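Okay, handing you the structure first.
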Amino acid sequence: MRSKKILICFFIITLIVFYISNYSTIYTIDDLAYVIGIGFDTTDDNGIIKLSLQVAIPNSHGDNQGSSQSESSIVKTVECNTINDGINLINSYIGKKLSLSYCKVIIFSKDIPSKKIINYTATLLNDVEVRPYCSVLLSKCEASYFLQNSEPLLEKLSSKYYNSTPSPEQTTGFTEHINLVDFYNDYYDTFGDPCAVLGDITSEEDEKGHIENFGIASFHNGMLTGELTGEETIYHLIVTNQLQNTVLSIPNPFNDSEYIALSIDSTHTKSKAKIVNGFPYITCNVKFNTRILSSSINSDYLDKNNLEKIEDYANSFFKVNIENYLYKTSLVLKSDIAKFGKYGVRNFLTWDKWKEYDWLTKYASSTFKVNVDTHLKSSYLVVGIN
Amino acid sequence: MEEEKLNFIEASFLVLTILISHIIMDLPNMIIKSQNSSAVLNVIYITILVLIYFFIINKLFEPFDSKNILSISEFVGGKTLKVILGIIYSLYLICISAVILRGFCETLKIIYFPKAGLWIILGIFLVLAMLANKFGERNIIKINTILMPVILLSVFVIFIALLRNFEISRVFPLLGNGVKSTFVDGALNMCSFSGFIILFFVRPNLKNVKDYKKVGIVSILLSASYLVLSVASSLLLFPFLTANAEVLSVYLSACTIRFGKFMPRTDALFMFIWIFTFISYLSIIVSYIVKFSKESISPKSPSIATYISAIAIFIVALLPQNSTQVHFFQNVVYKYLSITIVFILSFVILLIGYIKKKKLNKTREIQ
Amino acid sequence: MNFFRKLIYDLTNDKNDEYQFILGENNSKTNPELPNELQKNQKVYDSLDVNLEYVHSRFNSLINSDVVIREFLINVKGKQFKAFILYIDGMVNTDSINNFVLKPLMLKNYSNQFDGPQVVSEAVASNILVRRIKKFNIVDYILDNLLPQNDVEKVNDFDKIAQDVVSGNCMLFIDTVNFAFDIDAKKFDKRSIAEPKNEPVIMGSQEAFVENLRTNTSMLRRNLCNENLIIESLSVGKSDKNQVAVCYIKDIANSDLVAEVKYRLNNLDVDYLISVGELSQLIKDDMDTSLPETLSTERVDNSVSYLLQGRVVVIYNGCPYVLIMPATILDFLSSPEDVNVNHVFANLFKVIRIISFCITLLLPGMYVAIVTYHEEVIPTELLFSIVASRSNVPFMVIVEILLMEVSFEVIREAGLRVPTPLGSTVGIVGALVLGQAAVEADIVSPILIIIIAITGITSFSIPDYNLGFHLRIHRFVFILLGFLGGFLGIVAGLFMYLLNMCSLRSFGVPYMAPYAPLILKNNSGYFVKPTWKREFRNSALDPKKKRVQGKTSMKWRT
């Protein structure tokens, strides 16, 4: 049909006009510079941001010529009024348009006021390019220092390094993996308070450093309230059911001078929250599945009594530590970073009543009850000498 | 011809296309904003209401065999009422589709084509809709039947992929903003099933008129399940107060999907599927407007109706000056317009027609 | 000096003594257009001399070296009749003509010596013997007694005579008889039945069709032992009246379908057709699309399988490929091997073919769209690798990809034309060396070579040759759409493509059946069912017999 052909021609013309109108903003992969890390620092002037961008230098994998390995990225730092001003400024140094689509990590210096952090987060989330699940770090050192000195340890590319490093809940548990979108949502969430990963760079003299993320920082009402140590973070992950694997050492009940390393294979925590006398009463029932990692010449892990004794000891040990962690979040940090609010909300029928209760404020007066049930499955290959 | 008639799956997919397009746009957000944590409960509630409504409609249609609502309106009020109703339905479809299309094109522009003129992106969609109508209504339905499973799968995949990030507690407090808000004001959310309008016209096109009930139930239940999935995807993922995004709510959910560490943003792939949805949706809308005009005004050449309706959608889509007006249209005007035209006006016409038919049959029996 | 003189002379000499032939320039005197009407519907004359003259002019026997006219006399009942035979040397069995046509007619034998009357009946009445004697008829006499040939027909239309002579029959003309005897004495050299070269299978028949129509029909008959197999003969072409056989199973194929096929074949106003490819283009439903609408196959078992489904097979004399209609898009993605192997394997390969279809059509376009508009889809490390490899390439992605696609098509085309001993060399040189050299010279990036190679390989996995062609052309369209509009352009193009496919019909059957329109019952679908579950024929074909198997075909199990 002729009319079909006319419409097809019309469509082609429309598409060509579309291309021509869009031409100036078409940036192919060759025209872009890829930002893999963004850092924010404070300056003396309150209104000025110190923005650092780590831009990747794509090298082909077979490019191993020469003894010195070429750098995989460069870091540029500017002082600016807003994030987008800063990106514009840095664009003038770098010949290609900056793309934030591959940003893996966003680092805030610990000195930045929390309200500013949330504003920066909102601005970044508003950007079409920034991925919602890039990691958020609160750095003990300056963010620009962090970016400049984080040398990939076992990888060639910094982007791959950032991919693997902030996911410690799968292997160690000393910090949590927090995304940009989670951080932003937690700020507004009535079920709990936000927290951020505490990051630092460890370096030796005259050498570039490596990322050492240890512990988490807690916030409440837009303010930084404190930090959790690495060990406390493990208990935080246990309580929030995020821990997959870690190793914890408990004193040996048979020998005071020794410790037994327990490999925690899986944890399961069931929490409940009730309102008793107007304040939260939170119960946590924690179950561990563990195996003994360390072994000594006198150990006998086939004996049922021995295992039971270790289990009882582990139960009381973990109970004390978890309760310490919980009371720290409540009394010291006053932040419900474990988000017990999601259990507390079940006691309310309507949203207004929930908001009226103001869980996040009442959390500071919470009471906790922790029950630990450790199931020790014996050790691995060496089970003891008979 | 036997082949020109629809089987019940094709007819159900027609209804579903309208709903899926609205889901992708802003429907979950609209429901969550008004209902808060009781959004899922509200969706189940409005599904029950719509099912009851459909059973009543089915009963009202029974004496008329394989007639659609325009033919019944002619029976009720003569040719004048038929023409008026045809124009009302056409204008309704033009307004709704224009606003939906405008919202989607704005999103495309924001995300992928910042410098391209909005009118060009709108133009591409509308030229495709006109071209599709040149191929005929039957071919539009055929291609819709092929695309719909893929589109449904994409919504399902988003839900499954986000499952581990869901926070079930976000359905608490159960009653959200209160009983009145959930069950009384929340009844207005029946506008989510505005695809119901197709059910008033699909009856003559069915292979077997007795399948009409099956078509209605299947399409309502499928629509409801997808509405629940998409509302749950947004509700259980984001806290209520942050779910105020300007762009597609489902797009935001899709942005947070991560398939392992290697796969970055998959939202572009979903956008690929959603563009299909919108082209299909627009083609169906234009074909129905042409159908209304054929039945009510009977133009000399149906092609003129195709071009006029496409141009009308284009002009209406360009009318809002900014996103606020678009949002107002999507969240407020759409709600009241859909309830009035799809659920109230059509029901009244059918009821009057039913009563008149019954009286006529009684008079004939007496004679 | 002589040299320079000659040079200047050559430079200034305008005389053109090269041989030139220009077609169509005022050649009306030497190339008059002959009216075709003279030759239509001419009947055989009574007089042999007139017939002889007509045959001389019609068959150009004075110019044609292989047209043989043998005049002789027939002695019958003491009378002599002049006669002649007409045949084309090289197309007839001369021994058969000598022994079973000329010998009995020319030499004295018992039959032509018999002189007495032929008594039909006799009766005695009043001592008088009354005999009824059959009146002598030369035609009956020759037909019944003098032509011991199995296939003899009486023909009086010169058009039919001409058609049969050029296909290898021998004509006998006799004085005073106003028709000719059409004697089937065909024998000519033809290719023997061989393996199918372009559709090989592992577990299946290894017979392929040949050029000769009768051999092909005989192969069909051998493989399909069903008396309801109808093989109707038609001719196509006005000057080259080539034979076409329309084959179908009478109690399975839809009568309307058969009638439509014959109607289209009988209503072709063409002078000649060279191959079945031309024929398929003339009888297809939609002229605007390059999608094939009829299947072509060289396999006998494939044709039999389609006949048993209720389709029609058209065999064209002179071409080893047959046409099968109607055909849906699913048929073009099916291989003859699918029914021979376990349904699980067959379905796996079908999935691979569908993926290949999508990759062939869309991969280059998607690559261009992603690299130009949607780079965020690419994983980070892969993106850096691509960017690094493209760092020295001077061209835009679109130029690079069009360059390589066109080069690939050129190499493919060259591979077809090159003589066989050099064929593989060209493939290796073209594909490997050129591609590798282009990468090392930084003309193209390595990832692009991979994209082009994958696209090329997947295009070879499409079973149908014509569909493969169609995809090769259309991927350029999608490349341009991807470049102009990114995913929006590709989706728009894909939508129109699918819409076009949905609107197509192949001899009345929707091209996308049974998915669009959705046919729920008794459909074959794309995937192969287990052999014991293939109870019904494809309902899109609307066959007369719907059921293929009983509900439990394996009665030995019950």
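Per-chain numbering from 1; labels A, B and C assigned in written order.
Methods note: contacts are C-beta pairs under 8 Å (C-beta built on N, C-alpha and C of every residue); 3 or more make two chains touch, one makes a residue touch a chain.
Note that the structure is a prediction, hence the values are computed from the model and not measured.
Taking the mean of all protein CA atoms as the centre, name the chain whose own CA mean is closest to it.
Looking at where each chain's C-alpha mean falls, the closest to the middle is B.
Determine, using the mean of C-alpha atoms as each chain's centre, which chain is farthest from subunit C.
A
With respect to inter-chain C-beta contacts, which pair, A-B or A-C, contains the greater number?
So, comparing the two chain pairs, more contacts are at A-B.
Taking each chain's centre as the mean position of its Cα atoms, how many Å separate subunit B from subunit C?
The mean C-alpha positions of subunit B and subunit C differ by 50 Å.
Hey, how far is the Cα centre of subunit A from the one of subunit B, in Å?
Result: the chain centres lie 40 Å from each other.
Using CA atom averages as chain centres, what separation in Å is found between subunit A and subunit C?
Their C-alpha centroids are separated by 68 Å.
In subunit C, which residues are in touch with two or more of the other chains?
As it turns out, subunit C has residues touching two or more other chains at 373, 376, 378, 380-381, 485, 488, 492, 496.
Which residues of subunit B are in contact with two or more other chains?
Correct list: 113, 121, 124, 128, 131, 135, 264-265.
Multi-chain contacts only, two chains or more: what residues does subunit A have there?
Only 8, 11, 15, 18, 101-102, 163 qualify.
Subunit B touches which residues of subunit A in the complex?
The touching residues are 1, 3-4, 7-8, 10-11, 14-15, 17-18, 21-25, 101-102, 128, 131-133, 163-164, 181, 184-185, 188-191, 342-343, 345-346, 348-354.
Name, in rising order, each residue of subunit A that touches subunit C in their complex.
Interface residues on subunit A, with respect to subunit C: 8, 11, 15-16, 18-19, 26, 28-30, 32, 34, 36, 56, 58-61, 63, 99, 101-102, 104, 129, 157, 159-160, 163.
In the complex, go through subunit B and note every residue touching subunit C.
Per the stated touch rule, the residues are 3, 7, 9-10, 108, 112-113, 121, 124, 128, 131-132, 135-136, 138-143, 145-147, 262-266, 268-269, 271-272, 275-276, 279-280.
Where on subunit C does subunit B make contact in their complex?
It is residues 370, 373-374, 376-381, 485-488, 490-492, 494-496, 498-500, 502-503, 510, 512, 515-518, 520 of subunit C that touch subunit B.
Which residues of subunit B touch subunit A in their complex?
Listed in rising order, the residues of subunit B that touch subunit A are 36-37, 110-111, 113-117, 120-121, 123-124, 127-128, 130-131, 134-135, 167, 169-170, 172-178, 238-242, 255-256, 258, 261, 264-265, 303.
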